[in-house]
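Just below is one structure, and these are the notes that go with it.
Note that the chains take the letters A, B, C and D in the order they are written out, and that residue 1 is the start of every chain.
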C-alpha cells in the first residue's frame, strides 16, 4: 500500500502538536495530587483528508486517551489541536458544540456505547436534532437512509439496542456518527470486541464508507493485522509517546524501532508452516505513572547497541528515511551525536538493526 | 441500602440473547410487579386499602372522634365493633379507616417528595462532579449523620402545632439523603459510559445530556428507593404518633391508635394488634413491590425467585 | 509436541450435551460433542462466541450451574472412569489435581482478598493435606517455576499488585501444583497484550515439555492454534464442525465455516483491499436452524442442508458437511 | 493511610460542627422566641425576664448568639437542663453508657447473627428452609421497631413473666445484690430491649449478607476455587463470604443512625434510662438544651462509628490497605 498523494504536501485536516494528557492520582491530604499519570505525553501527528492514520499499541499505552483528548472528551493538559484551520482547543460553549459535528467517534464496546433506554432511531436522530440538520419526517427519512447505508433494515429504527448483536450495534454506532456528516471519525478499537467473521464485515463497511464519503479516520487498535489492513499510515505508541510513524507498508516491511520489530513477531499467525524467529519481549510495560528515564522502552529493548545512554537521553522522533519517523538514537541516522551518547555513558555506537526480515520469509 | 448496580455476569450463562435485558420502561416495571403472585397480592392489598381510605366516610358506622358512652369503653372485638373500642369508647374500626386515609397520604406524599429532591440533588452532583459534587454530597453526609428520628423529633418539638401537610414536609425533607446518594452513584456510573461520551461528541449540551441520559438512568433505582421510603415514612409517622408527637389528636392515625392502648397493652391488645397488622401488611406490600421493581434493575440478584 | 501415538486416550468425550433451560427456551449450548485427548498432546478448540467452546470446557469438570445441565447420554471418560456418573466428591478430588483449569480473565480469576501465595498453596492443602508451611514452600516453588521473579516476596502480594501477565502466571502455577494429567486452558491469553501473550504461550509449551501434561486449549484465535496445537477442533453452533491435525486444517480446510474464518482474518502483508466476510451472525442457541446449523450463512448450502443434519465422520480429518466427503469446493472466494 | 485517616477525622469534625449549626438554626427558625414558654410565665416580672434574656444572651444580635453558642459547645458546655436543673453534659454523661450498652449488645449480637444467617442462606439459596428463613427476615424488616418491642414485652414479660420489662435494674433488690448478682440483674433487664433491636439488626444484616454472598458467587475467582477442587463449604465460607463481608462493614456505618431511632422507641417502651428516653421526655417537657445535646451526642456517635467503619474497611480490603 502506498501513501495517498493527498497525504504528501497537502494541508492536514487535523494537526496535533505536543499533546499531553496527565491524570492526577489523588491520594494526598485534602485530595492534592501526589502523582501524575502521563497517559499521553507530547504526541504530534497529522491526519490528511480522506486518509486513515492507524494508532497501535498495547493496553495502557495511551492510545484511547489520545483519541478522546483530540475530541476533547477528555480535556488535554497541554498542546494544540488544529482542525480544518480552526484552533479546536480554543473553542468554548456553543462554538465548540457546533464544531463537534465534524469530528465523530466510534467506540469499542458495542454494549456500553448505546443508551439501552433509547430506540435505535432516537439514538441516531439525536445529532440531527441538535445540529438542526433535519427535523420531523425529514429526520426519520434520514435515519432510514443511514441505517440502509450501514447495512441494516430501516425498520430497525423503532427497536432497542438489546435486540441486536454486537456487530449490528457497532453498525448503529457508525450510523450515529455518520448522521452529522463528519469529516473525521476517531475509531477507538471498533472491531476488537467482535468475532472474526463479524469483524471483517465491519472493516469492509468502514472502508466502503471512507470511499463513498471521503472520510478521514484515526483508527486506534491493538491488533496489528487489522491496523495494517485499514491504515495508510501507522503511528506506534508506547507509554504515552509515539515511537514510530510511517506508511503501513514501510512500517511492516522495515520497522526501525526495536519495539515495533518485536510486535509483529509476537502475533500468532494462522500458518503452521511458517518458520518463526520470535523476539519475545521480557517483562511488562512499565506504569505510565512512573515511566523509565531516557528512552521509555529501554528496560525491554533488544537492540544490540543498547547501553547506559539509553536510560539518560530521551530519543527524539526523527525522520530516518523519507516519511519514516522513529524515536531511537541507536538506529542510524540520528541527530544525537555519538559524543553526546558517550557523555551519557554510551558504550555502543549506533548500528542498523533489522532482525525482522527473517520473520517474513516462508519456510 | 448500599445498592451497587450489578453488572450482569454472563461468563457461565448462555449468550446474551437468552438472558432478557430489560430496558426499564414503564411497561417493564409494571410487568415485573404484575407478572408475579406476590406482586399481584401486594397491588390488590394496597388498592383495597386505598379504596377503603377513600370511602371511609361511607363505610364507617361512626365518626372517628364519636364517644360511644362510658359503658362501651375498652370493649374487645365483637360483631358490633369488629376491632373493639378504645379507652375513650371510640370505635376502633372507624378510627382505623380514617387513620388509613391520613397515614397513607402522609407516607405517599413524603416519600415522593424525598424521591424528587434526592433524584435532582444526586443526579446533578454526580453528573457535574468536581467542586459542586463535593459541596452537595458533603452536606448530605452531614444530614446523614443525624439520626432521622432525632432530626424529626427535634423539628416536631420545635414546631408543636404541625399540620399533617407540615408533617409531610418534615418527613419528606428528612428522607432524601439516601436517595440522593443512590442517584449520584447512578449518575457517576453512567457519566463515563460511552453513550454519554458519544452524546458529548455529537455536541449535545450538558443540560440535555443530564435530562435525556443521566436522569432516566437514575430513575429506576430512585423509584425502588422511593417505594421502600413509603414503608419507612409509614412506620416513622406511626412511631411519632405513638410517642404522641405526630398528627395531633383526636385525628386518628395507625400509630396514635396504638398509643391509645399503650397504657394497658395486656388488656386492650386489640389496640396494638389491629393497627400493627395494618402497618405490617402495608409495609410488606410496599416492600414486595419494591422487591419486584428491583428485579428490573438487577435481573441477576434473585436467582430462582 | 507429540503426535497422538498412544493407543488409549486420556480423556474421551462422547455425545456431550449441555443445555441451558431458560424461560425463553432451551439453549443447546453444547450439542453432541465428541472428541479424544491423548496423553501429552495439545488440542486446540477454536470457535467464535456462542460456539459452545467455553461451556464444553466447564462441562468437562462439571462446573455447569443451573439453569445449565449436562444431559443424559453424555459421557466424559477420564482415566477410565465416567466423570458424569461419579459422585460429586470424587469429581472434586479430580479438579485441580488430575485435571486443572486456567481461565480467561486474569484480572478477576484470582480472589482479591487473599495473597497469591495463599491461593496457590490452597491447592496443595486441599488435595495433599499438606501442612501450612509445606504448602507455602510448594507455592513459592511453583511461582518460581512459572517465571515469576523473586517468588518468595511476590507470594506475599495480593492480585491487584500484579500485572495481567503475572496474574496469568499465578493461575498457571496454581493449575500445575499437582502435576495434572490434563490442563484445560480457556482463552488463557485473550485478555493479554500480544507481547505478553507470546510470553505465556511460550511458558505453557515449556511446562508441557517438563510435565508431559496434555492441554486442551480453547481460543477464538486461529493463530494461537496454529502455533501451539497439534490437532484442532473447530466449533460452531454448539457442535464440532471440523476435526483435523493442525497442518491439515490450515492447508486444506474442509468445512465452509473454517474456510470462511481463515479468509476473514486480516493478515500482515496480505495486501487485500477487502476482506472476505461470512454474512449474517451466529443464531441464538435457543433457535438453531434445522439441518446444518451453518446453512443460513453458507454460500454453498443446498436443499439437503435444510432437511438433513450432516454428521462428523470418524477419522483424523473430517468435517460436518454434506459436501465434505467429496472435498468441499472453496466456499468463500477472495475478492481482492 | 494516615492521610486518609486525617482527612476522615477532619470531615467528621466538620460534620459535627455543621450539625451544631443546623440545630442552632432550627431553634432560631422555630416560631416564637426560644424559651418563650418559660418567659411567658405571668409570675415573672419584666426585670426577671430581661435578666433571664441577658443571662442567656438572648438580647444579643443573632451572629453574636451563634458565635457564643459555638464557643460554648466547643468548650463542652451544652447548657442547662431546666427539668433536672443540672448541666446537660452531666445528664448525658450519666445516660450515654446505658444506651451504648444497649446498642452495643444489639449491634454485636445482631451482626453476628445476621452474617451467620445470611451466609447460611446463600449457601442453601432456593431450598425450602432457606426460603422460610428468608420470608422471616423480610417480615421482620416490615415490622415497626416499636411494635416488635411491644410484642416481645407482651409475650415474654406480661404473658410468660420470664423477664423484667421496665428499667435497667430491679429498683428494690439491686442495691443489696453481690457484684455478680448486680451484673445478672442488669443482664436480665437488658435481654428484652436488646432482643428487640437485635431482631431488627439481624434481619437487615441477614438480607444484605445473603445478597452480597450471592452476588459474589458468580464471580470468576469463585469458579477458580471450584475448579481447583476446594470443597463447597470452603468455596462459600472462605472464598465468597470473605469478599462479601467487605460491603457488610459499610453497612455498619449506615445502620447506626437507624438503630439510634429504634433505640428511642425501645428505651421508651422498656423505660430504659438512656439517651432515647431522655430525648422523648425532654421533647415533651420542651427542655430544648437537652434535645439539642442529645442530637449532638447522637450525631457524634454516628460520625465516630462511620470513621471506624471506614477504617475497618480499609484494613480489611487489601486493595485499599496500601495507599
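Just so it is clear, contacts are C-beta pairs under 8 Å (C-beta built on N, C-alpha and C of every residue); 3 or more make two chains touch, one makes a residue touch a chain.
No experiment lies behind these values; they were computed from the predicted model shown.
Participant: According to the touch definition, list the chains common to the neighbour sets of chain A and chain D.
Facilitator: Chains in contact with chain A as well as chain D: B, C.
Participant: Applying the contact rule given earlier, which two chains have the most C-beta pairs between them?
Facilitator: By contact count, the leading interface is B-D.
Participant: Relative to chain A, which chain's C-alpha centre is the most remote?
Facilitator: The chain farthest from chain A, judged by C-alpha centres, is D.
Participant: In whole angstrom, what separates the CA-based centres of chain A and chain C?
Facilitator: 32
Participant: Suppose each chain is reduced to the average of its Cα coordinates; what separation in Å results between chain B and chain C?
Facilitator: 51
Participant: Roughly how far is chain C from chain D, centre to centre by C-alpha average, rounded to an integer in Å?
Facilitator: Using C-alpha averages as centres, the distance is 54 Å.
Participant: What whole-number Å value describes the gap between the mean CA coordinates of chain B and chain D?
Facilitator: Using C-alpha averages as centres, the distance is 22 Å.
Participant: Which residues belonging to chain D are in contact with no fewer than two other chains?
Facilitator: 218-220, 223, in rising order.
Participant: Counting only residues that touch at least 2 other chains, which ones in chain C make the list?
Facilitator: Correct list: 49, 63, 65.
Participant: Note the residues in chain B that touch 2 or more other chains, in rising order.
Facilitator: 12, 17, 304
Participant: Report the residues of chain C in contact with chain D in the complex, numbered from low to high.
Facilitator: 61, 63, 65, 92-97, 100-101, 103, 105, 108-115, 122-123, 126-127, 158, 160-161, 171, 174-175
Participant: Taking the touch rule as given, give the residues of chain D at its contact with chain B in the complex, in rising order.
Facilitator: 11, 14-16, 18-19, 22-23, 26-27, 29-31, 125-126, 138-139, 141-147, 150-151, 153-154, 158-159, 204, 208, 211, 214-215, 218-220, 223, 247, 250-251, 254-258, 260-261, 264-265, 268, 279-280, 283-284, 286, 288, 291-292, 294-295, 298-299, 302-303, 306
Participant: State the interface residues of chain B toward chain D in the complex, per the touch definition above.
Facilitator: 1-2, 4, 6, 9, 11-12, 138-139, 141-151, 153-159, 231, 235-236, 238-239, 242-245, 258, 262, 265-266, 269, 272, 276, 279-280, 283-284, 287, 300-301, 303-304
Participant: Over in the complex, which chain D residues touch chain C? Could you list them?
Facilitator: 218-221, 223-231, 234, 239, 242-243, 246, 316-319, 322
Participant: Residue numbers of chain C touching chain A in their complex, please.
Facilitator: 48-49, 163-166, 193-199, 201-202, 220-227, 246-247, 250-251, 260-262, 264-279, 281-282, 297
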